[in-house]
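Let me begin by handing over the structure; questions about it come next.
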Amino acid sequence: MGMYYLFAKNAFRENYIYRANTLIYLFTGTLSLLIQFNIWQAVYSTQDAVESVNLSEMLTYVVLMAFISRLTESSIGFKLGDKIRTGEIAGDFVRPINLKWYLFADQIGNSLYGIFLALIPAGAMLALYRTFLPPVDLFHGCMFGLSLALGILLGYLLNYFLGLFVFWIKNYGYISWFLGAFTTLFSGGAVPLWFYPPALRAVANILPFRFISFEAVSIYLGKTPVSDIYIVIAGQLIWIAVFFVACRLVWNRAQKVVTVQGG
Amino acid sequence: MYYLGLYWEFIKIRFKTMVEYRTETLVMGIGEILGYLAKFIVIAIMVSKFQTMGGWNAYEIILLYAFNLLSYAVSNMFLYRTCNNLAGQIRTGELDSVITKPTNPFLYLCSSGFMYGYWAHISLSLFLICFCFIKLGIVFTASKIVLLIFVILGGALIQGALNLITTVPAFWLVKSHAIRKIPWAAYDFIKYPITIYHKAVQFLLIFVVPYAFISFFPLQYFLGKNDFSFFHPAFQFLTPVVGIVLFFLAYRFWLCGLKHYNSSGS
Amino acid sequence: MSFIEVEHLSKEFKITKREKGALNAIKSMIHREYTIKKAVDDISFSVEQGELVGYVGPNGAGKSTTIKMLSGILTPTSGKVTVGGIVPYENRKENNMRMGVVFGQRSQLYWDLPMGETFELYKRMYKIDEEKFRRNVEFYTELLDMKPFLNTPVRQLSLGQKMRGNIAIALLHDPPIVYLDEPTIGLDVLAKSRIRTFIKEVNREKNITLILTTHDMDDIEAICNRLILIDNGKKLYDGGLEEFRNTYAGGNLLVADFDADEVVMPDPRLKLIKEEGPRRWISFRKDEIAPMEALNLITARYQLSDFSMQEADIVETIKNIYEKKLHV
């Protein structure tokens, strides 16, 4: 267990070393938030609330989603792709480290650094706009935390699962574009799912993407009725189980492919 | 002028290479189309929920994005490889192979690195432009088409210039790739008409990183709008000019970088 | 005027001082401190058409810097270079038209193109006329035995084949001067030998001037007729390869451990070229004095506790020169 902690710490530190990069990411992160704030302000200039969501809630939504996207941001697909392409993966089969959790720890390290990067733009926005809502109440706050943790795990498993297909497809680039399209549409990143037309909302509901970050934020803002909160958590757990099993199956298949082809 | 033939030769060669990898190019392109389509859909959702953004309806806003995407693609066909690989080429000394040839290094890099992969972006954006123009009842006249071409080329020059300007620091700095992200950060502003933003932001988008000239101002003309906030109506025709000036500056900067390379190696 | 004139050429680089620690990092953002490194220090030489020059030095000696100035990649800090009447770093395009470069470690071929098409591309690039092009392509593909793989895409070629391709395209436009940087690196013995023979042949046929930088002394021995040695930016030796061999590396070496502290040569035909403690290296030429006679002359004067006779070799000699044990 301690080993994984070290991996995470290492990933964090490697990010820290490139300080100029940090400054630039801080800048672009702030600008990105600024853009979204401006857009929503323009929208709300003519109305007070849309679908019973007001400006403050919307701005809080934006900051939270930006934050969480840092935690769920994943280059696992590409990393796996590289490992497979260079043959490094053969080593991973033999080592006593579980590849899945190693990559997860690596991602967490990167993510935590990402939080640090996200804190400053968020702080800047708060200073400028003075609007960030706390969770509706303690209960919602806690459920938010739980849903968030589950969402991060789910996001990771989804990425890992898709990453495994590199064993067959060789180039993760294709997968990343398709995944990107679905994420853009169904994760609630740019536009909250509350504002979606019913047909698209229905599609989004049967897909796992909303459970990664959107649902957690929805709970935080109190937009999910209390009775539904447990359903959401259950949904997350179910999807996690689904992907966990799927990963196992695909991984086993992949091992066969590798041993047959010789890497 | 003789060398134009040579550069064209490179572009043809790249085509042959692309044909060899046509499956990859095709599949990647489809993935990219889906990716951008998703972004367009999200914008459409946004606009249809809120009826208008700054007085622009859904089709008009999609046109904004389509103009951006098209000029981006045209610019990157030539510049993606050139800008992306420069830092690496400096580091490995590969750049020496380029500057010892009897050609203009910049044109050599742009033509030998030409990328056909942007077919996806170009098809999608052209389709959407035609689609929206038709839906909005805008008539295609010869002069409109010519102007459109100039606007897209001008927009490509603007994007290319900013790309190039942020790539040139590689001649001085070791790890400069993050600088290239800076102009990109402001890019998302132009998804929507700049009039919805604070005056300071508008100023940024017109005078600092002139993104507003890529789509917002030219579309004023095509859509028959008068949305200039406090800027002069002539701005709607300035895109090619801004593009040329900016690219000229970028190219001079590139020459500075080369000169530095000549005096201090790698 | 020689074909290549290098006059008092110098090149200085500013190296920023990198200090450790956060405080110094901030300081360095305000005020940069430099050290000046003289990579090339007042070098002069001239090269005639058709010479095969070996430009040799240890790593960091300044040889690639010199070549970069000759090929127009770098601008000198002071001094002047002319190649064929042109100043390379002032008239780059013109100079590039009349020069060929082979980078041993980096291929200049296009990954996906077969050799034949690459030739066509270079024909265009260097404005080679049809007649000359046909002739040269025939000449080089024949000489380098490239016909078997002319239609294979470059990415499928072996290292040796790629190197032959690189050399061919460098020579295609009949440049009066060709710079070769480690041209045989990574090649097997057979391939190396083939390339060396080829280069000599081309020089014979077309009187091309060649400047070769390499760490492989066998390359130099096989190809060059002139040797320029540089170290720490300064020229140490400039003259014929044959002459070098005979003076410093040639003939024989008597290596002996002397009991005496002071050793003076009893005969002008014997040259003391290196001393290390009791051990001395004495060079002489077989055609001037027989080995036994040399030994007798020495032992008549001095007591030797150990000795051996060797054929001096160039590599060892050059190594000694670099290590400052040998005086040139």
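Each chain carries a letter (A, B and C) given by its place in the written order, and its residues are counted from 1.
Assume a residue touches a chain if its C-beta (ideal position, glycine included) is under 8 Å from a C-beta of that chain, and two chains touch if they have at least 3 such contacts.
This structure is a prediction, so every number in the text was calculated from the model and none was measured.
Of all chain pairs, the one linked by the most C-beta contacts is A-B.
The central chain of the assembly on a C-alpha centroid basis is B.
Using the average of C-alpha coordinates as each chain's centre, C ends up farthest from chain B. Note: centroid distance chain B to chain C, computed from Cα atoms, is 46 Å.
Between the CA-based centres of chain A and chain B the separation comes to 29 Å, rounded to the whole angstrom.
Centre-to-centre separation of chain A and chain C, using mean CA positions: 57 Å. Taken together, the chain B residues at the contact with chain A in this complex read 24, 27-28, 31-32, 34-35, 37-39, 41-42, 45-46, 48-50, 53-54, 175, 178-179, 181-182, 184-186, 188-189, 191-192, 196-198, 201. Taken together, the chain A residues at the contact with chain B in this complex read 18, 20-21, 24-25, 27-28, 31-32, 34-35, 38-39, 42-43, 50, 171, 173-174, 176-178, 180-182, 184-185, 190-191, 195-197, 200. Contact residues of chain B toward chain C in the complex are 2, 5-6, 9-10, 13, 16-17, 20, 92-94, 96-97, 99-103, 112, 262-265.
Of all the residues in chain C, the ones that touch chain B in their complex are 13-14, 65, 68, 71-75, 89, 92-94, 96-97, 99, 101, 103, 106, 108, 110, 112-113, 117, 121, 124-127.
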